[in-house]
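One chain, chain A, appears in both complexes that follow, with chain B as partner in the first and chain C in the second.
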Partner chain A sequence: MWQVLFNGVSAGCSYSLVAAGFGLIYTVGRTFHVANGGVYVVAAYVAYFLSARLGLPAGVSAAVAVAAGAALGALIDVFVCRPLRLRDASTSVQLIASLGVLIVIQNLVAMVFGDTAYSYSAGTDVRVWSFGELRATPVQIAVIATSVLVSVITGCILSYTRWGSLIRAVANDKELALILGVRSEHVILGAMILGSVLTATAAVLLAYDTVLTPLMGFDAVFIGVVAFLIGGPGSFSGAWAGGLLIGIARHLATWWFSGAWQDVIVFGVLIVFLLIRPKGIVSAR
Partner chain B sequence: MDYLIHIAVFCCIYTVLAESLDLLVGHAGILSLVHAAFYATGAYTCAIIAVHLQWPFPVALLLGCASSGVVAFGVAALSIRLRGDLFVIATFACHVVILGVVANWIGLTRGPLGIFDIPHAVVLGCSLDTGWQYALMALTMALLAWAVVQLLVSSPFGRVLHAVREDDVLAMALGKNVFYFKSLAFIVAGVLAAGAGGIYAHYMRFIDPTSFTVMESILIASMVIIGGAGSRWGPVVGAVLLICLPEVLRVLGLPGSVAAHLRQIIYGVLLVVMMRLRPQGLVGHFAFGR
Partner chain C sequence: MRTLSCKQLRKCFGGIRAVADIELEFPEPGITAIIGPNGAGKTTLVNILTGFVRADAGHCYLGKRETTQLAPHRIAQLGVTRSFQELRLVQQASVIDNVMLARPRQLGERLWRALFRVGVAVEETSSRREAIGILHALDLDDKTHALASELSYGQQKLLSLALCLATEARIIFLDEPVSGVHPELTARILSLLRGLAENGKLIIFVEHDLAAVREIADRVIVMDEGQVIADGAPADVLHRPEILEAYVG
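Showing the complex of A and B:
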């Protein structure tokens, strides 16, 4: 039981990162940016390719993968999202364009790397640390530690730096920020990159933990979206609450029923939340 | 020739799906990603009745439409009050849940194994066992769906839907029960989509959950949007285009796995390009979701 909960928390940490990255982009850019799943899958494959095929150290390949994810996020914003924003396209139009980007990236990855699932675990050591009854792999510990660390750093950036306050200003009122001379397009681009970094970090962490398939981006982004909506749109702590809840729910569902019901449980929980508490667990406003 | 007929059948089936979804996307202005679940409900109901009960095809088809209508009512009751992106995600969630039930209710649907050896449909005492006959039936269904949607849209009901699309708060202020009209459109769309599912099940003689994934919902929505949401011929154009375009890849002789991905890439690129350059679709006039 405790073991299941622990595994759930470990998975939940990476969901939280995806949810936080998605939430950042959503609150600042007002885009339902599912193309983040493309960033996710590209970062995971870059990390895998660099460390498993080219033999680079895990740290270096992780850093390169996150950078690649950030660059891809910036490209998507400049070439797809920004023109739509400038034209004042509706959220549905932006959502569909974003979905198109996700489909394209995912299938490009599938064409380049093939449909087969890759597993990285062959490269990492399979030591297991025991804490009483609890057993944890080094990867799980690393996932939790890195997620917390990255979240804290992002939180500090948002709260204490000038750039962070610009991001919060645009998220609060884009027009007013524009009037006060904030170049909102640059700020949104910055938020997009920061969100992509969070997503890519989660992807790299998961790449070391489980198997890679081209479709993982689709699953990841929608779990992130669910965690974000359940947790409470617009707050960092909400993303964490949602991510952990979903992580634990998925693992408990596997334990009680079978893996096949995981997605049903996750999206069932979402429907329940949309019905009875649409503001999420941690409601910001 | 058989190949051409096969494509024609699929064009007709997807015309039904796209036309019925257009009632929601184009005319009521709500983007739904649950449509393939209604398609699946129709297909599975018909298949299960045909295999286990051997009831006549028209009865099975009607029951399939009815059960899909009930499912659509459930989905509408859950999601219709949500707005914008939240509605889209709620329909997406409903799709995942419905498909999860279909894929895991092994006793009824045989789960991932799928239902095979579905008997040929018998219509008016004549067993349909050639592609031609199915093409005729699918064409009839497509015409029927097209006519139903056009009739509804030009009726007072359709005018209310258009009002809801343009400004639902205003429509509400004029005393129209917006949720009632949206739900009704949802149910009609679900019933029509189930008709396509019934034909698909009997034509393919084999169904499994992989034919009704979320990607299928997205594909149907792409047809509507690329063709032109809310226009008379847009969904038909979109369905025929997106069915025929990938066949060109087959002619080029690419290996199957590459062609499958290339097809998806084409859909994705088309979506992005259309959103940037022509949000009203190829033959449409109403800029989708302003």
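Showing the complex of A and C:
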């Protein structure tokens, strides 16, 4: 049981990062940015390519992959999202455009790498550390530690820096920010980059623990969205709570029933929350 | 001293003329009130002058610089700010954080300084001191660390004014600054506005409260159906029976 919970927490940490990245972009840019799934795929594949194919150290590969994800997030904002915002495109138009970007990226990745599933750990022995009855892989420990570290840094940026104030101001009221002379579009771009960094970090971490496919971004972003909704839209800590809950629920579902029940449980939890507590676990005040 | 002006300004919404060929000049400093019935085009005019709505035709200037096509944040950076009819505050931030947000040209806005904090701490300390000074002037110093959402309606109006002051703008548009505010607080806000004008700022406010207009405005502009139908000193304009009867009740 404890092992299942630990595995759930480990997976939940990475879901939390995706949820936080998605939530940051949604609350600031008011865009249901499913194209973040594209950032996820590209970051995971870049890390894999640099590490497994070129043989670069894992840390260097991860850093470059996160930077690539951030750059891709910025490009998507500048060339797709911003022009739509400036034309006052409806949220449904922005969603369809974002979905289009995700599909384009996934297909480009499939054309470059093929549809084959890749794995970092294929053919290698996976080390396991034991803590009493609890067994943890180095990747699981790295996922938890990195997720907590990245989240603390992001939380500090949002809470204690001028940039954080600007992001919160634009998220709260874009017009108020404008009359104060704030360049809202630059702030949204900043949020898009920060959100992409969180998503890319999750992608790189999970990539070490799972197989890579061009369609992995779609699943990741939808789990992130569910975690974001369950945690409480607009709340950074809510994204964390939602991510952990989803991670634990998925692993408990596998333990009690089978892997096929994972998504049933995830969306079941979402429906229950939407009906009973629509503002989520941690409702933004 | 600069003059805010507009020439042949026109704006239509679906065939309805909200602003019809308006020409106005607002020299600094002073207090100008814009009055008129609902739908007269007052807020549309303010929206155009502050960049929130693009005019269909005509030009706006700040001094010699044309501002017609500038984005709102660019106009704000030139020293023009505004409040809205409905209160616009960062409700979940503290009072002091709201005011700090409005402080212009902060080093922490530059990415590398935000990351490495070069000179940012010193500047933030100075900026915070000035923000506290503004809150003190508005009698909000005991609410410094309260959330904006915890303030009364009247105090939120004051905080909205504090944000305008914190921007250091020389031209301030206010949309109904004393509506819904109890008389004691109204008197304080009007006194503050008078003080700002005496310190060289240009205050332009949209208001339905004629008593407030009479008390502090140097000039009154009356609008109806998108046009300026009267423009002059309150004593010359507000006593006209046709203005009182037809446009302000």
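We adopt the following convention: the second predicted complex is superposed on the first by the 281 of 285 C-alpha atoms of A that agree within 3 Å, B and C clash if a C-alpha of one lies under 4 Å from a C-alpha of the other, contacts with A are read in each partner's own complex, and residues count from 1 in each chain.
We take it that a residue touches a chain if its C-beta (ideal position, glycine included) is under 8 Å from a C-beta of that chain, and two chains touch if they have at least 3 such contacts.
Just so it is clear, the structure is predicted and the values come from calculations on it, not from any experiment.
Student: Thinking of the overlay built on chain A, is A:A145 touched by chain B (first), by chain C (second), by both, or by neither?
Tutor: Touch status of A:A145: no partner.
Student: Classify the contacts of A:L180 with the two partner chains as first (chain B alone), second (chain C alone), both, or neither.
Tutor: Once the two structures are laid over each other on A, A:L180 reaches chain C alone.
Student: Could you say whether A:C156 touches chain B, chain C, both of them, or neither, answering first, second, both or neither?
Tutor: Neither partner.
Student: Residues of chain A touched by chain B versus by chain C: which partner has the larger set?
Tutor: More residues of chain A are touched by B.
Student: So, A:N172: does it touch chain B (first), chain C (second), both, or neither?
Tutor: Once the two structures are laid over each other on A, A:N172 reaches chain C alone.
Student: Looking at the overlay, what does A:F32 touch: chain B (first), chain C (second), both, or neither?
Tutor: first
Student: Taking the superposition on A as described, I'd like to know which of chain B and chain C A:L95 touches: first, second, both or neither.
Tutor: Only chain B; A:L95 stays clear of chain C.
Student: Looking at the complex, which residues from chain B come into contact with chain A?
Tutor: 31, 78-79, 82, 84-86, 88-90, 92-94, 96-97, 100-101, 103-104, 214, 218, 221, 225, 257-258, 261-262, 264-265, 267-272, 275-276, 279, 288-290
Student: Which residues of chain A touch chain C once you look at their complex with the stated criterion?
Tutor: Against chain C, chain A makes touches at 157, 161-163, 165-166, 168-169, 172-173, 175-184, 190, 284-285.
Student: With touch defined as at the start, can you tell me which chain A residues reach chain B in the complex?
Tutor: Contacts found on chain A: 32, 80, 83-84, 89-97, 99-104, 106-108, 110-111, 114-115, 218, 222, 225-226, 229, 260-261, 263-264, 266-268, 270-271, 274-275, 278.
Student: Would you pull the chain C residues touching chain A in the complex into a rising list?
Tutor: Per the stated touch rule, the residues are 50-52, 71-73, 76-77, 81-84, 88-93, 97, 100-102, 104, 106-109, 111, 114, 120, 124, 147, 149, 163, 167.
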